[in-house]
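Note that the chains take the letters A, B, C and D in the order they are written out, and that residue 1 is the start of every chain.
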Amino acid sequence: MSQPLVTVWNEFRHEKTNETIRKIYPKGIHTAIADGLGEHGIETLTATLDEPEHGLTDEVLDKTDVLIWWGHAAHGAVEDAIADKVKARVLQGMGLIVLHSGHYSKPFTRLMGTSCSLKWREAGEKERLWVIEHGHPIVEGLGEYFEIEQAEMYGEPFDIPEPDTLVFISWFPGGEVFRSGCCYYRGRGKIFYFRPGHETYPIYYDKNVRHVIANASRWAALGDAPVPVFGNAKPLEPLS
Amino acid sequence: MSQPLVTVWNEFRHEKTNETIRKIYPKGIHTAIADGLGEHGIETLTATLDEPEHGLTDEVLDKTDVLIWWGHAAHGAVEDAIADKVKARVLQGMGLIVLHSGHYSKPFTRLMGTSCSLKWREAGEKERLWVIEHGHPIVEGLGEYFEIEQAEMYGEPFDIPEPDTLVFISWFPGGEVFRSGCCYYRGRGKIFYFRPGHETYPIYYDKNVRHVIANASRWAALGDAPVPVFGNAKPLEPLS
Amino acid sequence: MSQPLVTVWNEFRHEKTNETIRKIYPKGIHTAIADGLGEHGIETLTATLDEPEHGLTDEVLDKTDVLIWWGHAAHGAVEDAIADKVKARVLQGMGLIVLHSGHYSKPFTRLMGTSCSLKWREAGEKERLWVIEHGHPIVEGLGEYFEIEQAEMYGEPFDIPEPDTLVFISWFPGGEVFRSGCCYYRGRGKIFYFRPGHETYPIYYDKNVRHVIANASRWAALGDAPVPVFGNAKPLEPLS
Amino acid sequence: MSQPLVTVWNEFRHEKTNETIRKIYPKGIHTAIADGLGEHGIETLTATLDEPEHGLTDEVLDKTDVLIWWGHAAHGAVEDAIADKVKARVLQGMGLIVLHSGHYSKPFTRLMGTSCSLKWREAGEKERLWVIEHGHPIVEGLGEYFEIEQAEMYGEPFDIPEPDTLVFISWFPGGEVFRSGCCYYRGRGKIFYFRPGHETYPIYYDKNVRHVIANASRWAALGDAPVPVFGNAKPLEPLS
């Protein structure tokens, strides 16, 4: 397919209040992610929490093929109505890529139906992501694994539905494993949860991470999909 | 395992207001379902919408291994807090069996994360349920298919997550198919969606339907399951 | 991605010996399938049973992104060594599309690991294929279902592994259902089983059938996939 | 259900020729596994490679609810006819538990349809098995993980079909992860691949390992399952 239009959503608060984070992401995490997609020829819009409607107006969403979600400390500040609109859009066909701490975001937890709880530890540990499904479009162009030198650990149990396709499993030196690349079909939409990322590590400048997010954006974009018809239905065959 | 304790929840309104329905289920649909479980040696409690807390007090839920949910016309009357409590209990390990029009109930749609929409038609059509996964405990004791002489049709598209195990697919004479037996793991809990049933057909007296509900009750009951530990975690291995 | 090169394999015997079949497929079923792919801009090679190595030389397979398999009456005439070579190629990344009676072919049964048995009836019945996973690339451009006016019935039970993604379920007027579009990841390869097709019905001229086969060819083609490394491995982290 | 009858199959060669191995398993690995099942009240038979028909006569298999397979160095010595018979029995409903190096056995590779290749290293490393699906009967009675102090490492990529249910993921200190508890439905049968075990470590005396094998034996045993009917079928509904 041709390239999707991707809207990168970011909470965009801690970059303004925390000097360490601002040094790493001076223009916000969303800008770093958008820049990475740009390297792969993908056009982007951005939207942030403190804009009206969190930047997710109907006009923006009408143009959006895939929405990327980064949130961390202010999940509760996302209005229910906006979270529900995002969820509805996904079921209608918009792709959704949820990054790292977005596991606890309203759109993701409502689409998963589970708590999305997990283990975590901030200790700057190495993460190694092993490819599990080699033929999946999201892993094209990678080696059999890739590493992130400093990451926040996320460990199992990860309270999610069993992924429709499990693409990555992560290893951490402290003894944990994690399903770190999870694909879901929901309604007409496709959802990809991708673990890497953190506000205090420069992970969204990483070449492999950017590569996966670009692959996932193309995978999650809807083509010319069938339109399901719900409701009261006449028989297609005569009833005797 | 020993037999689970099953709580049968019913909206229990149309049986009181509609003469046709009362004739079929004079003591309510919940009583017919509970009687069916009794034939299989399974003890039951019942709970209904118009009781305080919809009958789903903590005391009742603490005793409940598996909750069966029947609702149809009054999904909106179920309090959000009760629906959320049921969802939380399922993630903690309570089994849930959702019957027929319960596809639109609050607990089910919140656990699925999708719209759960479908096609339907009330024309007293025959339904034939084909067994798809022959080794699954829910189909023990059945033939390769069974039939219901008069049913409301439900047809695809059925907007649910792909089942973790698909146990039945239904055929209808008007030209439709339907994934009519769907198993899900969610959190520590197990969920079974089972299509048959309707308020104007005597389906919960059917021998095969009762058999499946009994099998599903045993399948959905939690054993001595591991307790997941979430949150900030110390490393299990020393970090270098 | 750019278009894949697809090799269409056909038993190509009954077209030579049966007048009815020859009238429908005068140049062989493989040519009709290849013509259909050509309409979608996809280049093809063809290969048939009675060529040396059944036409599946290393030279041909080296060029092949996706192999389409049609066989019916002469599955036993396929040499084990060729079947094993096809299987190995799929695990290495070649796409495989298995059509209709190819369910009993050596490459498919060896890759599935099950009997691949099913129910069948030749009575020129209508088949209706319902889309089950609306966001999947294989169903792009379709309506919510499509029909084939005259088909051989295939019915459940279909003894296959539960598909990694179930794309279509078929309805037949005689009372049967069938999982008629089944996607599998195997090794680095992708496999699509697609039910429609028969030697005595002009199904491979059907617009929708050709459309699905073209979509499936693009889906099944491997991109720049990671190369798994098996065998004795040095530790990536120092062992204490 | 009542307890299954389990037949434990062992290659039983290295225990006779290698002093280190004999010291750990003086009566053979099969006896240690059978003893473990006995602790859980499960009756067993045993069968070994060098018996006539490898001990897997029709008489034995007729009695067997679940077959446990241990093999390592002599997979090639298993006769094709016996491997095919085991595969056929599984599809007909016999449970199969494949342990550790049995990943390369003929019955398992034929049922999986993939190479079943993996990474490995013999360095006496710790293995930690994390529970992934907490509500599954195979993990009843465990904690959220358990450890084996000294194990041969197996690492991803593991060339298997995506499990129908993934029950355990293992962590190893050298940087690897592994899908170490994998459930499959195949035909009427159920298959569990379980990674732990090795001929030079006393793993089959481990309390948790024995516990899982007992749970898996009960899970894999067939109940009163529907009998699929294949072949030419009369219509269940009149064709117009």
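One rule holds for everything that comes next: contacts are C-beta pairs under 8 Å (C-beta built on N, C-alpha and C of every residue); 3 or more make two chains touch, one makes a residue touch a chain.
Predicted model, so just to flag it, every value in this text is computed and none were measured.
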Pair exhibiting more inter-chain C-beta contacts, A-C or A-D: A-C
Farthest chain relative to chain C (centres taken as mean CA coordinates): B
Whole-Å gap separating chain A and chain D, where each centre is the average of the chain's CA atoms: 37
Interchain centroid distance [CA atoms averaged], chain A/chain C, Å: 33
Chain B: positions in contact with at least two other chains: 128, 131, 133-134, 144, 155, 157, 162, 164-165, 173, 175-176, 185, 187, 228-229, 236-237
Touch-based graph of the chains, sorted into line, ring, star, complete or other: complete
Parts of chain D lying in touch with chain A, wherever the complex brings them together: 128, 130-134, 144, 155-157, 162, 165-166, 169-171, 175-177, 179
Contact set on chain A toward chain B in their complex: 87, 91, 110-115, 117-121, 123, 125, 153, 155, 157, 159, 161-162, 164, 173-176, 184-187, 228-237, 239-240
Residues of chain B touching chain D in the complex: 93, 128, 131, 133-137, 139-144, 164-165, 173, 185, 187-190, 222-229, 236-237
